[in-house]
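A, B, C and D are the chain letters, set down in written order, and residue numbers restart from 1 in every chain.
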């Protein structure tokens, strides 16, 4: 109810501030008797980790996962799986200049007004470091989903105006995604994006981007009618990720300018459809076609430029850029999108399973 | 859990099929002692009602609200408010031809596969008639929010390629919205949209559209961190409406192609911001600026043309268009967008109130 | 959240006041494709109905069930099942004398203080008429559970000091329960209880009682660890019934005065236990033995005697007994105990099923 | 949903096994800006801790609390408060003899059947060590409630047949509770209970007991109608504590043998009542009188005697008592009862607050 829990049967509750003792969470409702691949979880964390490439923030964070409960002799027990990643790099002195300052387009002001008291170190609870916990739960969910034949692939499809076409998105070679540090599965565009991001960084600026996600192998029947539609939950999950401003399923906003006679996905005799403008969901329920959606990320609000802003006494102050920050968030967000997708799908899988 | 409930403290659970006895719902958690304006609820239902103008479906449905509980001597009692609208127009014979047929881009196939048994009359539970219940709960929520100074205005901002510009959306005269049957607050565009919709209808086709919503008077502090961010819940609420394919808050998808130095909303000394790319939400919490978002609707799947499709024996059949349907859903969906917005905001209001 | 919903996967939300238009509810999460026996539901309502025998209230209430949604061609569709029972007997004039009076040991005072505004007619929302909705949902749950081999038998085991012994409870002939209007499966005690209740009624007084419930055929594994233990949920469900003051599982309060060496239920090789002081639950999870528990009901607060009380201006007033009321609530509460038990068990069944 | 979460607005999710890395939890929804008294939390843990007196288990466990998030500069931030107590005493070798054995009246058998895989060390997740997390959350809740004038006092009122009378419970000197290691506020009975427990321990046996709890200073209006009645939630909370077999509010089971004319709590003009058989709750809502309830605990299942039992191959085996265990659980459970009471009340406080 207070916002840090997600899911119904498969449920993640997260905790932790950027510069507190640790970030972590409790996973409830993961099936028992599952052999956990800890190495894989650590690899997923590495995909999110700062400092992994030349185009992301150069902060050093080891992000070592530690499980506190719920796994016995390597296998899940069906009871809550708690975990944490200890925050090693508490250079809180770095943030003294932000104690009484509200950074533009950050959560500083709203947290201060809502709670009257906030941890200002590195964004505190509003830091994207919270997403570590989502990646851990998502990695576990992915390990389970893969045994069911469900595969999730997210990728960067645009950075600024450099963008894959809809047509290109229909024919992605997934093996290319991790080949480029920007995680766009197209050599030419990937290199263009990378050099554009470097250029933006030099200017002390940042730029937006978007992530496309495709899920193959989803059976018919996941999702619930009315309010808990599959794409409504996916949308909520994506919009809950820091910096996300938009979500679309299947045809998305392009549907506005389409006719019904173009947009309708006609059936093949086996129940698959000839097109997939629906994005794999009809009436809120998966129809067995690939689930496809796109998520828009704004440019990171922290700039390496000086900006005019206000402090807690509502006086105007000059804010200078400091520290090490991402000029573009999407390369590191790919694994977060995949993780939230996995969490949503495993929850719906279990919800459906209750009735089989 | 099974999908027909929405909200936490202010909660709506809906029931009903298009051609069952009635559609309705139970509202839990509405404040006690509130004098209900039933006339206003009925008016809101009229904004959703078929047959209200020349550009929507000409089906006749009176949609008379009946309250079953929770209101005593005109005032809410704090206990569940149950209501129904009896379905008068049970011409179930109209649907015999659909009993074993799966209409393209409808929920027929997914419901059949998920449940093994479905009410096929007029879409049954997947019919947009379910949104009657949302309008009732939304009308109540609006009546309460208005006493708090919170005003919600939704409007059609595009039909096909006919569209208001971002600049025009910044200066809307709300009094024009209801003046045109298409509910676009710009005379020239409204008339253009209306004639385009009529043309589409003549062809037996349908077209998409989008709805822009602005909420004024929201205090700082609504919304919860992490998963239950204000715009994440709004997104879920919008995506749960039939035919919605996309949602964006503030700058939305246009943020992809913006620089941080453009996108950051700089503060005025009073805590307001000079721009509002954030759409009134920072870190998932309202910042006191207007909340602005856009919702994309696909073209209605029911066409007055014949289409190729399959039946329950997975044989190809010809489906002919029959009945009376909307060529474009957005004019009638304006009140549904407002209603879901009101439901989300009242819930967050109460959640915040618990801590004041 | 506002108190009128119960359950997680199988969920009941109820509405309605004693003298409002109707009482009813929405059932979510009932499995699809189930052929509903409406006659059985009506019979269950008859077991709760006033006027069914000489020892209960002589009010006339037909309590005719009407389904509003969720059942198509006689079978459940998997979507919400809404229902109502219209309140025929609105003799609201009967209650004018209670408008500003707080009856002792009723909810009049607490509702008034909590909500500032209440429906005083026959107790309004706090009336036991609300339990009609529980009986409807419970009847459906029972119909499903019986197909799984789970049988629920509740019975009156004491009225005042007239009581079955623990030994007698181990050997009940279930066929005797409905034979006596008091629903105690022992001829001698049943007749004694009935004549005692009649005597109490003549005096215008009321008396307490208790209900014993045994569930046979429950598989191992229902219930969740820690907070959602099977007996904790059963306890909550029973304590939520009007007039209930106590709940005990298995040995219950008698365990206080037992030694571990007496109380431990030793295993048979097949996993059953030689004794059942656990009441069929160990560590919050069913162990395959019969689930046994007892629920204590206070004497009905409405007396046919005059009592001293206070009014809404906090002045002392004389309250005279009026109307037709139960001198002892347990005979009619047997079916309510069974219904809540069925609701709890079906919910846990589905929760377990999600992981099978 | 999987059972390890409790509460709605104020919510506790716990994790941890007896011999895993740590036990702990996440507290959501605690008000922001509250100065936490960590020393007090540690003291409350000491009241639960083994080895605190001659009549409890002599295991050595320091139970040092560590906060991981949610507290900044000594004050709560309104975000999740995570905490853990590291399990220092991993003598897992102690439990090798239990790996394949099901102890009578323990959760070994039911966990094994439900999950197929369990942590058998010291009971794993079913160990009462889980209640450490409840005490931490309860201590925080208590600190907050005391600022609202709400005081909770639990005490041992019976061990075996040694018992305080109802009359004595009406006049308790709270300062005596902690004076005796058995936590019964009556010198004569306390000493009797202590010597009885020592005697039982010598025999390698265990004995049951009960705990009485009184809450003073509760305002009118806490609790919700119908399913979430105040005493129904208290009942669930108590029944979720290990070894609890029964719960009663106010008159409880003694109401069975009372007349309405005796049991009704007549009002004083100020709205208080002359008697309190209701236990401070009417219609599920607090009426301003003290909340009084009793909880029954079974004798501990672990005996220092040999017992006949079965192993995982369903063969009969001899189980010998080993380790250090409580002969009677109630002295250490007093603080757990208080903690769960505090958790329930703070949750209802916030739920009511949402509407003030």
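Quick note on the criterion: a contact is a pair of C-beta atoms (placed from the backbone, for glycine too) under 8 Å apart; a residue touches a chain by one contact, two chains touch by 3 or more.
Just so it is clear, the structure is predicted and the values come from calculations on it, not from any experiment.
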item	value
Intersection of the contact lists for chain A and chain D	B, C
Interface numbering overlap (same over half, different under half) for chain A and chain B	same
Pair joined by the larger number of C-beta contacts - C-D, A-C	C-D
CA centroid of chain B to CA centroid of chain C, Å	39
Gap in Å, rounded to a whole number, between the CA centres of chain D and chain C	27
Chain centre separation (chain A, chain C; CA means) in Å	46
Contacts with two or more other chains, residues of chain D listed in rising order	1-5, 8-9, 14, 32, 78-79, 114, 125, 225, 351
Chain-level touch network, classified as line, ring, star, complete or other	complete
Touch list for chain D against partner chain A, complex	1-5, 8-9, 11, 13-17, 20-26, 28-29, 32-33, 66-70, 72, 75-82, 84, 114-119, 124-125
Chain B-touching residues of chain D, taken from the complex the two chains share	8-9, 31-32, 78-79, 225, 350-351, 353-356
Partner chain D, residues of chain C touching it in the complex	1-6, 8, 14, 102, 104-107, 109-111, 113-114, 125-126, 130, 158-161, 200, 205-210, 220-221, 224-229, 231-233, 235-240, 245-253, 255-271, 273, 277-279, 282-287, 296-303, 305, 307-310, 314-316, 351-352
